[in-house]
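In order of appearance the chains are A, B and C, and numbering begins at 1 in each one.
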Amino acid sequence: MWIRQIALMGLIIVMSLPVMASQTRAEAPLKIVATTGMIADAARQIGGDLVEVRGLMGPGVDPHAYRQTRSDIVAMTRADLVLWHGLYLEAQMGDFFHDLERKRQVVAVAEGLPKDLLRGHDTYADKYDPHVWMTPVLWKLVVVEVQKALTDARPEAADIFAANAETHLADLDQLVAYGANVLATVPDRNKVLVTAHDAFGYFGQSYGFEVLGIQGISTQSEAGLNRIGELVNMLVERQIDAVFVESSVSDRSMRALIEGAAAQGHEVRVGGELFSDAMGADGTYEGTYIGMLDHNISTIGGALGAQVPERGMAGKLSAGS
Amino acid sequence: MLDLASSNGQVQQDHGLDDSPLAIRGLTVSYGQKPAVFSVDMTVEPGKMTAIIGPNGAGKSTMLKAALGIVPPVSGQIQVFGKPLDAQRVRIAYVPQRASVDWDFPTRVIDVVLMGLYRELGLLGRLRGHHKAAAMDCLDRVGMGDFATRQIGQLSGGQQQRVFLARALAQGADLYLLDEPFAGVDAATEKAIISVLKALREAGKTVVVVHHDLATVTDYFDNVFLINTNKVAEGTVAEAFTAETLQAAYGGRLATAQVDQLALALG
Amino acid sequence: MLIDALLLQLGYNATLVAIGATLLGVSAGVTGTFLFLRKRALVSDAISHATLPGVCLAFILMASFGGDGRNLVGLLLGSAVSASAGLWCLNWLTRNTRLAEDAAIGSVLSVFFGFGIVLLTVIQTLGVGRQAGLEGFLLGSTAGMLWADAMVIAVGGAVTLLLILLIRRPMTLVAFDPEYAAARGLPVSKIDMAMMGLVMAVTVVGLKIVGLILIVALLIIPAVTARFWTERSDYVVLLAGLAGGLSAYIGAAMSASAPNLPTGPIIVLMSFALFLFSLLFAPNRGVLAAVLRHFRFQRRVHLRQGLLALAQGQPIYEKLTLRLLRNGGLVRADGVATDKGKARAAKALRDERRWAVVRADQAHEAAAALYDGLRQIESVLTQDQITEIDRHIGGPKEVLA
């Protein structure tokens, strides 16, 4: 007799499990894996408490060269949503993502940008410069893509995501204004940005700088000896006296450039370290997108003769930045 | 005076251990677990030509190499002219088997002989005219003087063997150890080599040869040492090179032709 | 542009790279020759691949102690340590197991290198900044050569060359005849270790310049190239240094004269070009020389056989023989010997008889060894000797038509 009652109870419990589970699932944060720190930051800004974001590439990591590790793969296959940049930024992982697409929700957040806004590649017709985060104007479009991806993954939270996105985009507008103001005060003849690789093309486009990189768009192409010689001559001829190193690329070529200019009697100094393909240390202001750009703008501006507020846009840059 | 009776009861000439050019006691060498040479004693008589003979794989070459420290023995004591081996290397000249060298190596005949002088030259010593003259002299003694500037790969087997001998001569040693110098050489070479060895003996040097050709033992050598992993016999040719000792060393492995040859040789 | 580069007129950086690379090329060429002579060329590949884990571990160590993970001296020390470990493993494997040397090399190479690649991926995730540039150890980054690097190469190269000068004789002897060397009391295994140590020094010095994957080429190709040109081992060493230095110099100049030419690989291609040239055109051991020799030989054999046939009244069947005889004016169109032909035939026969005497006589052994059916006897014996022989064999015989 009592066996039947227990069995009935069990059946009812078992039948209601899915309902209970879906309730719990609806409350668990959305698990997101993002490749670059910038995308991870955007996802956090938009998702807030509703998302749990794991970034694969930390500070100082070069996305052009990054190869996924086994734990990365495990995290991605268990995630609810995978965000990557696209446009051949994560050149070593492209095939992997195309495979992953079939099994999980994978979104290339920069691929959706209108092509007429992008810089083309000198040699390949249908390839573009992927460094779109370098100007907040373009990055705002990517943030919108991230918002779309999050909304698709968790439609119930669409309103929350939209509100967060609006706040973040407003902050980005502030950044745009800051950049325009500060960099307008750089004397025209100083508006040359010499860096380790060609990552600052969009920056140059936005703020009217001429951008020269030792390596090309990807750090995978070796720095040519000829290019170094060319750049040295340019530095000397045009009396450029500040160059910039990058946190995710070896500074060796830059040091060679400086030595070469010194041999011709022209002193060149390192104007500062820029965050090109990766952000600053986790947990610091520079470890967020806004902090990264703030740092870049302030450092470049400061080194090239602009009027820069002491601690950047909002007084949040760490001392000595 | 020690009475050195071998395990077969053959009596050997007794020498003081002190002055023997090469004295081996209890030598055992093995490759892996199998002994190639087992508990061998040998005392070489100075100023004589001694042949080491035995069937293939009997350990003849191994014994020589162990005596020189080229292969490590499991056990055994080696003394050269009464002192340990390492102190006396200057007085030993070694002529290895021809097959052990790559003959396409870029070196000329004269350069090989000059290698015999490296110890004298030291690390940085300059090669002078008299060194070259000494090397040429050694080449002439083996009849290879005209070949001095040839690359060694252009020589025939016998000629290569003679160059090796010339290199040994260049050292000016007192004890000469040769590993199968007559194997696969032409008659002219054999004649040249044996005459050089005999001249060395005349000059009071000691010669020990691992020899493969039983038919020439009585003509060429004063003493023999028979080995088949263990020592079988040691002594003068007359004493130790007999039908009995050969039977003991070779077992049933002497080909009939060889037996006939030997019968003739032993008279 | 190229001419300017070759004359070191293209500026400081290009000049520095050219000189630094040349110094490296010379040291590597000389050091690698002894490996080549010792038939251990691929050990250098194992050594270079074994440097990777050491570089990574050194980086991790230095970074975790709060220092700059990319301190060059530290990284090079790390590379030396793991390369030594690789060498030790190699030795242990060949000595204590039944593994053949090439299998041991393959194992050590792949295990160490694989471990290094794993470490590289681990470093990616460490969250330690400024790790960029470690991958540059794989293929080098010559363009970023600094004065300090050139100094390291110069000093390292000079010390290596000095040491080689010191132990060149023992190394040559051990390479040629290790058993004889052991019998002379040379410490063969220690000399081998010294040679490997020198290779390791060159590898470590060249790591940042041409990378561990390409340093092998700089060690081996010049030695192989030099081998084509000489039969003396000391000349092989010198020529290898020359070949290494030349290809490094030209390669660096080329990479400085045009954009998008990576220096390390271009140097290796130059090295290969020298090798190819030697393979084809070296006078004795080259392919072209061998082909020409073959054809010349064939013609001389046919001519000689034809003359002998004429002298002995035998018919000639082979077309090539007849053609050669005709072209030489030695027979008429119908195959009948001309006067010139008869004279030459008679001499040929006589020479054969003279040679027979020479070869039977022990006293003429060196001359007899030169007999190859074609050699002129006058080039081997003096006129007096030939006259002496003629007395044995009688006067020349007339050739009948």
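By our rule, a contact is a pair of C-beta atoms (placed from the backbone, for glycine too) under 8 Å apart; a residue touches a chain by one contact, two chains touch by 3 or more.
As the structure is a prediction and not an experimental result, all values here were calculated from the model.
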item	value
Selected interface, A-C versus B-C, where C-beta contact pairs are more numerous	A-C
Innermost chain by mean C-alpha position	C
Distance between the centres, which are taken as Cα means, of chain B and chain A, whole angstrom	78
Separation of mean Cα positions, chain C and chain B [Å, integer]	35
Centroid distance [mean C-alpha coordinates] between chain C and chain A, Å	51
Residues of chain A defined as touching chain C within the complex	57-62, 65-67, 69, 71, 214, 219, 221-230, 232-233, 246-253, 255-257, 259-260, 263-264, 281-282
Sites on chain C touched by chain A in the complex	10-14, 16-17, 70, 121-122, 124-133, 135-136, 139, 141-147, 252, 255-263
Residue ranges of chain C in contact with chain B within the complex	37, 39, 165-167, 169-170, 172-173, 175-177, 179-180, 182-185, 227, 230-233, 235-236, 362, 365-366, 369
Chain C partner contacts - residues on chain B that touch it in the complex	65, 68-70, 86, 89, 92, 94, 96, 100-102, 105-108, 111-112, 115, 118-119, 121, 123-124, 143, 145-147, 151, 156, 159, 167, 177, 188
